[in-house]
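Given below, in the form of structure tokens, are the structures.
Across the two complexes that follow, chain A remains constant while its partner is chain B and subsequently chain C.
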Partner chain A sequence: MYAYDQYDQQMVDARVAEFRDQARRRLEGKLSEDQFKPLRLMNGLYLQLHAYMLRVAIPYGTLSGAQMHTLADIAEKYDRGYGHFTTRQNIQYNWIKLEDAADILADLAKVEMHAIQTSGNCIRNISSDHFAGAAADEVTDPRPYAELLRQWSSFHPEFSYLPRKFKIAVIASEQDRAAMRLHDIGINIVRNSDGELGAAFYVGGGMGRTPMIAPQIRDFVPLDQLVTYAEACLRVYNRYGRRDNKYKARIKILVHELGAEEYTRQVEEEFQHLLDSGVEPPFAELERIRTFFADPAYDEAAPDDIDRSDPDFALWVDRNTVAHKQDGYVSAVISLKPVGGIPGDATAEQMRVMADLATRYSFDELRVMHTQNVVLPHVRKADLNAIWTALDEAGLGSPNLDTIEDIIACPGLDYCSLANARSIPVAQKIAQRFAETKKTATLGQLKLKISGCINACGHHHAGHIGILGVDRKGVENYQLSLGGSEAEDVSLAKITGPGFDEDGIVDAVETVTSVYEREREGEERFLDTYRRIGMGPFKEALYG
Partner chain B sequence: MADQTPPAEGRGPDTGPESDTMLRYREDDPVAHAAVTVDAFLDQSNAAAVRVEPGDDARELIPHLERLDLVEVNFPSFGDGRGYSSARILREAGYDGELRAVGDVLVDQLAYMRRCGFDAFDPDAPLDAEDVEAAFARWPEVYQSAADTRTPIWSKRHA
Partner chain C sequence: MKLLTGNDLKTGAVTWWTGNDWSIHVEDAVDVTGQEDEIAQREEAARRVNVPYAIDAEMHDGSPRPAHIKDRVRALGPTVRPDLTLKPADPEIGQWVI
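Then we have the complex of A and B:
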């Protein structure tokens, strides 16, 4: 894991002092709320329906046991004993008092954490593959590049008042586990025909009210020009992104309106200007960062077999563990989707269980997934039973990774001031329905995603099944869409037709899964069947 | 890369000719005449001061930098960050005259503006002198190379 040096520590400490000073000036009336708002947002502090919400950055989703313990302590000390893991690998607390915020940031700084740029019109926390460093299929660990970009983007003097928020994801494998092409910039670290590593840049993707898949604008940026190229992408956006309408201000609109070709031309021109300007860190800095992400000291003699005599354990192993590059190891996914629970929520006690398991069994490392689960990235197969037993006792043993119970949902109208409809109760009802009918198992991989408004925080555009809550004349109404994917086979879901009420949407989801069960061939996933047979049969079953 | 210089180096806050709220971090005397628009500047040959609005392309000034003593960059609203890019573009092109941020310039943006090459500030509303001092002293280090002379952390790590 990356560890701060004196410089990194000075920067987060300075940030805490800055925020404390800003909060003081706000309370003294020297700052108006309009002036204070972007400052507090750049420290992750939102004003929500009931209280302030604080979003803490978990850079590229990686954290240590001690950091997870601090997250648990914050949940207990300043919130109501729980936190909510988000679709950008961060954690949010929903019941924060403004006067506590600076103290929370100070607590975070003690364990090399912060809330820097987790909100606001700036470059946000950089996300990555939650199996980075463990995945059997990766070209290299993508996190050193994410860390390099984290430092570059932190307190960037030119790009802190962008037209709108800016999200970057970095992956390094053909399989995309980070929704890379649905980001403002998606970077895929690839190897060229000469065997050199470089970065493929995809720019202008996103969800929200105008979902777009990012086009590739450069197939190979040499690693010693990575920061310069990102700087060029951002400068063109900062200068020419729309500022007249906040709903058209994301870079996807600029790329769409200019066309990918013209945007690329402008970036390349800016890139030429910047090449000699000295913005690129020396390659030695990338090498320094890489040393922090070296493989842990694996047990070379770790046995490969698993005692599967307990069927409940065997089911969890089949569903929730993923192949590891090291023999005798897997990555184990801790589901934060217990049937009837709130997707992504964990109590302080559960966080401590996860932290201690990581320390004991996973080289002190945890990952947050964009699907709102947590990973123990490097565990010996021989330790799985002990891990599962401890998780099960803590209510963390749900064997439902990538099933219809593994729902992504935004906080919705229960917490969020932007939402038009509730998301959480719909997620709970759907999970309960499929758990009761035991259809979860037979449906296999089925990614269901729910957003409570068109801002699409619940990624409904990218769901095999997507649900969007809207307000129809004061009544919550849910639109159903099918065929989305955030993975390497990226696609945007299409709306089936008229929406449904809260109970109706649960029935409608069951109806489309029945069509799949009837129509599927061989090992097809729901998504594959939909792509083969199209919307017709689903529509007919839904609307007759 | 030059050594880090304190961001508030120079003569320190000064009272310029145009207003009593101006902060200036240059040794030379302020330009006395008013700035013209970019369009007007490009049309006439004798102006030495120009005002860049957020929608203007600062690169249009690059062929004429030698006859410019003052570039004002206007921030009609502090949330519109285009002026930061305008400033860096001019500095990257070698402009070494006065670069003045004007308009809705607030204390919490000063440090970033300074890093982008601004060396004078003429805010609409006066700034508290202590807050200004604190803002410039805030950041012990910087992560990026920008248009100022501060040494980025990555350079110190590999010195």
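Then we have the complex of A and C:
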């Protein structure tokens, strides 16, 4: 894992001191809310439906055991005993007091964490593949590049007041586990025909009210020009992105309106201009960062066999572990989706269990998934039973990765001031329905995603089944959509037709899964069947 | 009727104007129709509330009930965490909110 150097630590400590002074002045009435709001937002402190909400950055989703312990301590000491892992690999606390906020930031700084740039029109936390460094299919670990971009984008003076917020994802495999093409910039580290590593750039993707899939604008940027090319992409956006209308201010609108070809031409022109300007950090800095992400000291003799005599354990192994590049190891996914639970929520005690398991069994590393689960990335197969036993005792042993119970849901109207409808109760009812009918297993991979408003934090556009909560004259209503994917086969879901009430949407989901069961051929996933037969049979079943 | 609501500056807690103070219980709220701007300005200046604003409401079983679901969720707490709401023992809570 990356460890702060003196500059990182000084910057974060200085920001804590600065915010402590700003909060004090606000509490003393020396700053108005209008003056204070942009300052608190720069430090991830929102005012939400019930209280202040603090969003803490987890760079590319990577955490140490000590960091997870601190997140647990904060939940217990300053909040109400739990936190919520988000769809951008961060964590949010829902019940923060302004008078405690600076102390929380100080506690975070002690374990090299912060909440900087988790709000505002700046470059947000860089996200990545949650199996980075462990995945059997990656060409390299993408995290050093994500870290380089984190350093470049932190406090970048030119990009602190962009037209709108800006999200970057970095992956390094053909399989996309980070929704890369639904980001403002998606970067895929690839190898060219000469065996050299470089970066493919995809620009102008996003969800929200105008979902778009990012087009590729460059298939190979040499790694010693990575930051310069990113800077060129941002410069064109910063210059020409719309500031007159927040709904048209994201880079996807600029790329769409200019056309990918013209946007690319402008970026390339800017890139040539920047090449000699010294924007790129010395390559030695990337090499220095890379040393922090070296492989851990694997047990080369780790056995490959797993005792599957316990059927519950065997089911969890089948569903929640993923192939690792090292023989004898897997990545184990800890589900934060118990049936009837709140997707992404974990109590302080559960966080401590995960932290201790990481320290004992996974080289002290955890990853937060954008699907609101947590990963132990490097686990010996021989240790899986002990891990599963501990997880199960803590209510973290649900065997449901990528099933219809593994639902992404934003906080919705239960917590979020932007939301129009509740997401969590719908997720709970759907998971309960399929657990009761025992159809979860027969449906296989089925990604269901729910958002409580058009901002799409619940990624409903990218769900095999997507649900969007809307406000219909003060009553919650839910639109159903089908056929989305955030993976390498990326696509945007299409709305089926008129929406449903809270109970009706649960029935509607069951209806479309029944169509899938009737129509599927062989090992087809729900998404494959939808793509083959189209919307017609589903609409017919839903609306007659 | 109109209720005046905001958040406590220090704690962020949802509060309601009672006529002479702020309460975390919506049932303590009073009708501020016609006075909302004046009270909001005065109370915000005194730092007794943060970003106050008026909402529509109606009387329901002798207590004010915000007209919009968002304000009702805000009044009691998340519907999915009855242990954290202001009336965890009230069996009617779901109907009041929804």
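We take it that the second predicted complex is superposed on the first by the 537 of 544 C-alpha atoms of A that agree within 3 Å, B and C clash if a C-alpha of one lies under 4 Å from a C-alpha of the other, contacts with A are read in each partner's own complex, and residues count from 1 in each chain.
The rule we apply is simple: a contact is a pair of C-beta atoms (placed from the backbone, for glycine too) under 8 Å apart; a residue touches a chain by one contact, two chains touch by 3 or more.
Remember, predicted model here, so these are calculated numbers, not experimental data.
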Touched partner set for A:Asp21, first chain B, second chain C, both or neither: first
First, second, both or neither for A:Gln10, with chain B first and chain C second: first
A:Tyr415 touches, of chain B and chain C: first, second, both or neither? second
Partner chain(s) touched by A:Glu99 [first = chain B, second = chain C, both, neither]: second
Chain C versus chain B, contacts on chain A by residue: B
Chain B versus chain C as contact partner of A:Glu262, first or second or both or neither: neither
First (chain B), second (chain C), both or neither touched by A:Phe155: first
Touched partner set for A:Leu39, first chain B, second chain C, both or neither: first
Chain A to chain B touching residues, read off their complex: 5, 7-8, 10-11, 14, 17-18, 21-22, 25, 30-31, 35, 38-39, 121, 151-152, 154-162, 235, 238-239, 243, 273-274, 277-279, 281-282, 284-285, 288
Sites on chain A touched by chain C in the complex: 26-27, 29, 33, 47, 49-52, 80, 95-99, 342, 413-415, 417, 419, 422, 424-425, 428, 474-476
Chain C residues within the chain A interface of the complex: 7, 9-14, 44, 47, 50-51, 67-70, 73-74, 77-81, 84
Complex contacts: residues of chain B adjacent to chain A: 1, 54, 78-82, 84-85, 88-89, 92, 106, 108-109, 111-113, 115-116, 128, 131, 134, 138-146, 152-158
